[in-house]
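All chains are identified by letter, namely A, B, C and D, in their written order; residue positions are counted from 1 within each chain.
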Amino acid sequence: MANHPVVELTSEASWNLIEDKFTPYGKETLVKLVAFLQDEVYPSSKLYHAQIPKDPVQRWKTVVPVIEELKVKARKLGLWNLFLSNAHYPQHGVPLSNLEYAVMAEILGRGGHVASEALNCSAPDTGNMEVLARYGSPEQQEKWLIPLLNGEIRSAFAMTERYVASSDARNINTSIRQEGNEIVINGHKWWISGAGDPRTKVHLVMGKSDPENPNGNIQQSVVIVPADAPGIRVVRPMEVFGYDDAPEGHCEIIYENVRVPVSNLVLGWGRGFEIIQGRLGPGRIHHCMRSIGAASKALDLMIQRVTDPSRKTFGKFLYEHGSVVAEIAKSRAEIESARLLVLSAALQIDKVKAKGALKEIGIAKFVVPEMACRVVDQAMQAFGAEGLSQDQELASMYAQLRTLRLADGPDAVHIQQVGQRELKRAPELHRRAAEFHRKEEAILRKAGLRAHL
Amino acid sequence: MANHPVVELTSEASWNLIEDKFTPYGKETLVKLVAFLQDEVYPSSKLYHAQIPKDPVQRWKTVVPVIEELKVKARKLGLWNLFLSNAHYPQHGVPLSNLEYAVMAEILGRGGHVASEALNCSAPDTGNMEVLARYGSPEQQEKWLIPLLNGEIRSAFAMTERYVASSDARNINTSIRQEGNEIVINGHKWWISGAGDPRTKVHLVMGKSDPENPNGNIQQSVVIVPADAPGIRVVRPMEVFGYDDAPEGHCEIIYENVRVPVSNLVLGWGRGFEIIQGRLGPGRIHHCMRSIGAASKALDLMIQRVTDPSRKTFGKFLYEHGSVVAEIAKSRAEIESARLLVLSAALQIDKVKAKGALKEIGIAKFVVPEMACRVVDQAMQAFGAEGLSQDQELASMYAQLRTLRLADGPDAVHIQQVGQRELKRAPELHRRAAEFHRKEEAILRKAGLRAHL
Amino acid sequence: MANHPVVELTSEASWNLIEDKFTPYGKETLVKLVAFLQDEVYPSSKLYHAQIPKDPVQRWKTVVPVIEELKVKARKLGLWNLFLSNAHYPQHGVPLSNLEYAVMAEILGRGGHVASEALNCSAPDTGNMEVLARYGSPEQQEKWLIPLLNGEIRSAFAMTERYVASSDARNINTSIRQEGNEIVINGHKWWISGAGDPRTKVHLVMGKSDPENPNGNIQQSVVIVPADAPGIRVVRPMEVFGYDDAPEGHCEIIYENVRVPVSNLVLGWGRGFEIIQGRLGPGRIHHCMRSIGAASKALDLMIQRVTDPSRKTFGKFLYEHGSVVAEIAKSRAEIESARLLVLSAALQIDKVKAKGALKEIGIAKFVVPEMACRVVDQAMQAFGAEGLSQDQELASMYAQLRTLRLADGPDAVHIQQVGQRELKRAPELHRRAAEFHRKEEAILRKAGLRAHL
Amino acid sequence: MANHPVVELTSEASWNLIEDKFTPYGKETLVKLVAFLQDEVYPSSKLYHAQIPKDPVQRWKTVVPVIEELKVKARKLGLWNLFLSNAHYPQHGVPLSNLEYAVMAEILGRGGHVASEALNCSAPDTGNMEVLARYGSPEQQEKWLIPLLNGEIRSAFAMTERYVASSDARNINTSIRQEGNEIVINGHKWWISGAGDPRTKVHLVMGKSDPENPNGNIQQSVVIVPADAPGIRVVRPMEVFGYDDAPEGHCEIIYENVRVPVSNLVLGWGRGFEIIQGRLGPGRIHHCMRSIGAASKALDLMIQRVTDPSRKTFGKFLYEHGSVVAEIAKSRAEIESARLLVLSAALQIDKVKAKGALKEIGIAKFVVPEMACRVVDQAMQAFGAEGLSQDQELASMYAQLRTLRLADGPDAVHIQQVGQRELKRAPELHRRAAEFHRKEEAILRKAGLRAHL
């Protein structure tokens, strides 16, 4: 069974651990996925970047031809919307478990943004489709979900705000209020991914509809806003380490008296917090698996570089110098253990839903991106200055991974949550310790010894 | 299924991942094991230590009563020799896979030396039983294996030598030569675990029978030597951070013209290297799982301490200070990922034998003991000076774990082997990269772009 | 100047940095110190340990002969009480600055406990002499300080309590109350260093004389208690890992209705907190410098081991394997930077007293012992199992250094204090930032640009 | 003395350590420097970036107005060419030691590229001026050094080559050969800093003039090439992460049959290796000090952010969450110790020249940039996504610091060199150990004990 094509790109041992949890459909899809990515998608990445103009205006008006061609092929092959498990989304989903998709997400992660988008599996569309599939009205689904599922349009999710510590959702300032049959939106957002893309036709905007409500979890609502609604102003793209990620972008946006019909409200007034909670679990795992794919790819590149005879110095291969072999071994170990963590979390979601897997998701969320940054950073170092440049994908990979230590909550938030969850075990541990000491004392007494030292 | 008793002591998510790989017998044994350890074995640890005299001579002459009582009970319950899988040892083994025993080994690891010995699962006897079961002649098995399997005697494996870098087996100096019908042994060993125990009746001694053989792997032989053979001199116990681990001990031993019959040769002349190779794989995994149990126990203790109201300082619980919560979260993450690594390695051994699992074993070997040392060290810090003392088990646990970064090869050896194994992937990676670049160029050409930048 | 004998044992660059801050007396003393330690003290360490009986009772009744011989020689050479700077202790001190003694303390640290005691510079006597010299009455000084300065007796400082989180001094439980002309002491202490030594004639006991006082800093008093006072019971020695550090020891002690005359009160009622505050600064630096000496010694040993031809494996020196060279380089870098940190703190104490050097002392306190533990741990690893044993001094060195991460406050306390001190810079930083932005805006405006982006 | 203006931006304790090594001129210059930077230079940084056009062509044709204005002011103030110590460059240098300039370099480092360039102290001009001042002929100095010293032109140093592992100078491929009275240059370089700048009038080109010479250190020569010489083609700017650092840039350049008169040869045929060796020492220290300035600035920014009331989450300041205070404390400790390392190296250069300070320079070179990257990365994390963006200077600071782990030799090279230097101490350590054991044995024998265990 070690001969499954996925083994070449991931790991035999982890495949052995989970293979029996794959359906025949899952295995077949995986085989097709590997072939399609290797034959068509991975090698199209350079073309994709070449098709984006350097001009600071034109690059934001571009629909990259190669990506649209790949999407047609992917859909024809049935490699489409694989992220949407029919276990959770019976109507629109595909028959794949989270575990099955997690493996696929790693393979996608080796291909960067191009791979995910080519299969209609790229954020923020994925999360938005989940929201609309779960919470959208039939009309909302008809109008926005179906075109998204078809890959005909793209979308944005407008949550993060400028001048606000928005990792605490209660700090959000954007105002969402009803006026007659309309909803009026005023707010100042930034880091709105996808908002730069000419194909983006819709924003899901999170704001406060009931800011004075004493219950901080029902102050927020989510509204569907067409991207061309009057009053929306895309101020500028935000850059990450100098990258603007055009045409998708992460934009600063001002919503000024933007008006939409009341029917654009998602789920109901005050349900915004509930909506974003439901959006977070599996998506985090997918980010993690893609990160593992990226780290794994970076390690492969590093191995190629340090064994490249044209890179010898002082008569020796790079791997014969210093600690290179040890670094590679440690990176390999970190990748393997990170993959197991995420697979275990994905299975846990399958078994007991995201709510029962919060510990595993939280651990993966703070362990994996940092690990991937470290592995990629080390690979960059092996490549010398070239590793930091546009001639290798490592530097942009790093920038992308670095954002994941902040996106969906900074590392520290997840670390604290996992730690607090551990502390909740304290009463049970104290109870068990007391029981243990009773037994210990009984045993000591029976042996004629004083019960305590 | 999360309600399985093992979940309380290990992890629900990892149990979910492997439960379907357990046989009904495996599950049943696991339940019994947890109950027996919690009810009888763990609470006997303090008595065990109290029953060892402080006197520097008497402590080496002691058969600790409580351990012998526990052994009787364990055997009656069928919790006996669980390490010996009948997949590898059909005649003497129990019907448990490596994966199944790995889970049990973690639970044993929470109970320190006492737990393993109580179930006749403690090193070095485990490895010695494996050697005798696999390579011993019927007479050798009758005389030494059966009493070992019965827990009637204990044993030692004499490999490491004083004044010699014996992690390279070719450096070994002990001479093993035939004189007539006898084998004569001369050598200077140390760190021979178990050699201090009055119950130890036999040494397996590794030495050179053909030191000039150009093939370094057939110079060695292994000989069975009764512990009371004339010429054996136990010089002294070696200490680890001040601990002598009496009565078992890790002793310095001089073999001076020790004579045994030729029939005491194991497997055949020149087969010593082969014997120790066969001895190493699963045992390393068991050490790793026990280490995870120890780390997991240490984290539990730390959580108890930092939530103990009597340990408040400046009006706050310890966990409310500084980075304690983050440390706990990170330790939890490290324990979970380490467990998954070792379970994955154990399954890999089950699927493709130890030889096919060398990567996974190697990774576990260098990742787990260091991780466990770190977790225990951090727990010690939370306990203050008490954590370093005889009043908590943490310091002795640390000393024990610290030796595992050296036993069966120091970390660096395993790191290098895993790294070298990665480098062997280079030709395949270069081949794949060439293929990738061909495809990439074809795609660029087809799009009318120059094939390279 | 690089030829100064101290350079061989420390560092040329740091000597160049501070040499002009040494007086001629300081330099001369340093030369004598190096010679005496190398010729007489360092080589006596093995004899010292050999002269301590193994017997669990006798080892606590021993005055080690060689240490008394070395003390006579040291005193004759003027290498005596070097820790006591006459800048702070004009009556009893020696004409050395903290910086000068800091360099000497590093050299002492290479010789372990023997070196410090041989020069009458070992804790807890050093701190106790400081207390008595600064706060003792003429009678107290006559009776206890003079014999301590003469090295005729030893002493203990009883602060830490069992069952109490005593890193917060307000948690201390020991009762100190006046009855007529007597003071009555009741308390349960542990980790009282020196209390096992037959030469120890006096305890300074810290307890609460006014436990209900709303000002938590004047509840405590310190009382001088003769070691043979009725009611003192030394319960047992505490062990660190497996070491008991006999004959000095770190003992558990119960004070039960111990009575001393009121004249044994130090400084005055309620002055206990003040006394221990005054005791902490320079002593912490000395511990740090000794730790650097230990780390530096460990690195020397590691270099010897990895270049030892008898330790070759697979035909290569140990240093030719893996990451050994990199580990050595990093340890060297850490030692050099730690030394500079401590020297800088020592100079800061000289310039602006301990109170003005709290930042530097705090940084040294949490950086140095952890660094030293890491360097020694790595050296142990290079030595294999022998490194953990009684045949090398590394393991006991490690145990000693490990306690320093807890003694005088655990790492976390110092980390928090340094961090809080940084936060106190916030108002000034905000003020400066506002000023900066005003200037920036003026410059942008003058250039015809909008003041903010 | 703690009131010196430099203390506000660096550290009181390190100032106390070195103040007496400053001349009155050095102190006076330092005061002027701090004032000028704070009043004029730091606040001009935003204007500098605003004056660089976004257009991908125009940005490379720009002389940024504000930098030229600042240069005029700086020169008038005597804050000019401070890097060029007259101890090494008596004719053109300023009366500052390396130690004195090191302190200034840290302050410059807080202001990024703008600060260094405003004072004519920016690489690669600094190194090129050193080369011309030390090795240039009077004609070469007249033509190129004087305008550089005057800040009228800029320059490039062309060493690194594409497709070549050029950290080993013997791998360099560029051909430099004489044809009649001319030198003909053919080669393919990249990462040539400054080559994009319209003010750059001259390249110093390193190549092989005698590639077959068995002595690898005399194969190379350095030639002065006017930037507008026919045959020079600037192919493209290299990017670091997504930054192109226009207008200066780090360019790929092809030299194709470029011809210059023989008089443009620097120092002589085959002296190229000697020239680059002489160029490296002090410059590395300056990079390190600038890095410390950057790290120190980043920590200041982090402290401001975590104490900013508008960034509270869940009702608490950021510093009240998780491990923030501990991270700040550790960063502070790392900055302080790094500064001391570099100051100590600078003083060592002053005392015994760069050759005698190779250990200290090497340590600083591998410790400081990595430390600075870590500190800045942590500050970025505190700022959330904004920290990675163009709205804070942290991300570009990180990119710049990240290149320093590769420039002038990757970390690993310096780590190996420092490690190898330590190994050279082995014979002396073995000699001392033998002497020690002789003394130890004599002492044991005299005490009537067997000399060895």
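One rule holds for everything that comes next: a contact is a pair of C-beta atoms (placed from the backbone, for glycine too) under 8 Å apart; a residue touches a chain by one contact, two chains touch by 3 or more.
Values in this document were obtained by computation on a predicted structure and should not be read as measured data.
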Higher number of C-beta pairs in contact (A-D or B-D) found for A-D
Relative to chain B, largest Cα-centroid distance belongs to chain D
Rounded to the nearest Å, the gap separating the Cα centres of chain B and chain D is 50
Rounded to the nearest Å, the gap separating the Cα centres of chain C and chain D is 38
Rounded to the nearest Å, the gap between Cα centres of chain A and chain D is 38
Residue numbers in chain B touching two or more further chains are 322-326, 391, 412, 415-416
As the complex stands, chain D meets chain A at residues 54-56, 160, 163-165, 167-168, 170-171, 191, 238-244, 250, 310-314, 318, 321-324, 380-381, 384-385, 388-391, 395-396, 398-399, 402-403, 405-407, 410-412, 415-416
In the complex, the residues of chain B that touch chain D are 322-323, 325-326
Chain B contacts chain A in the complex at 1-2, 12-14, 16-18, 20, 38-39, 42-47, 50-51, 65-66, 299-300, 303-304, 306-307, 319, 324-330, 332-333, 336-338, 340-341, 343-345, 347-348, 351-352, 357, 359-360, 363, 366-367, 391, 412, 415-420, 422-423, 425-426, 429-430, 433, 436, 439-440, 442-444, 447, 449, 453
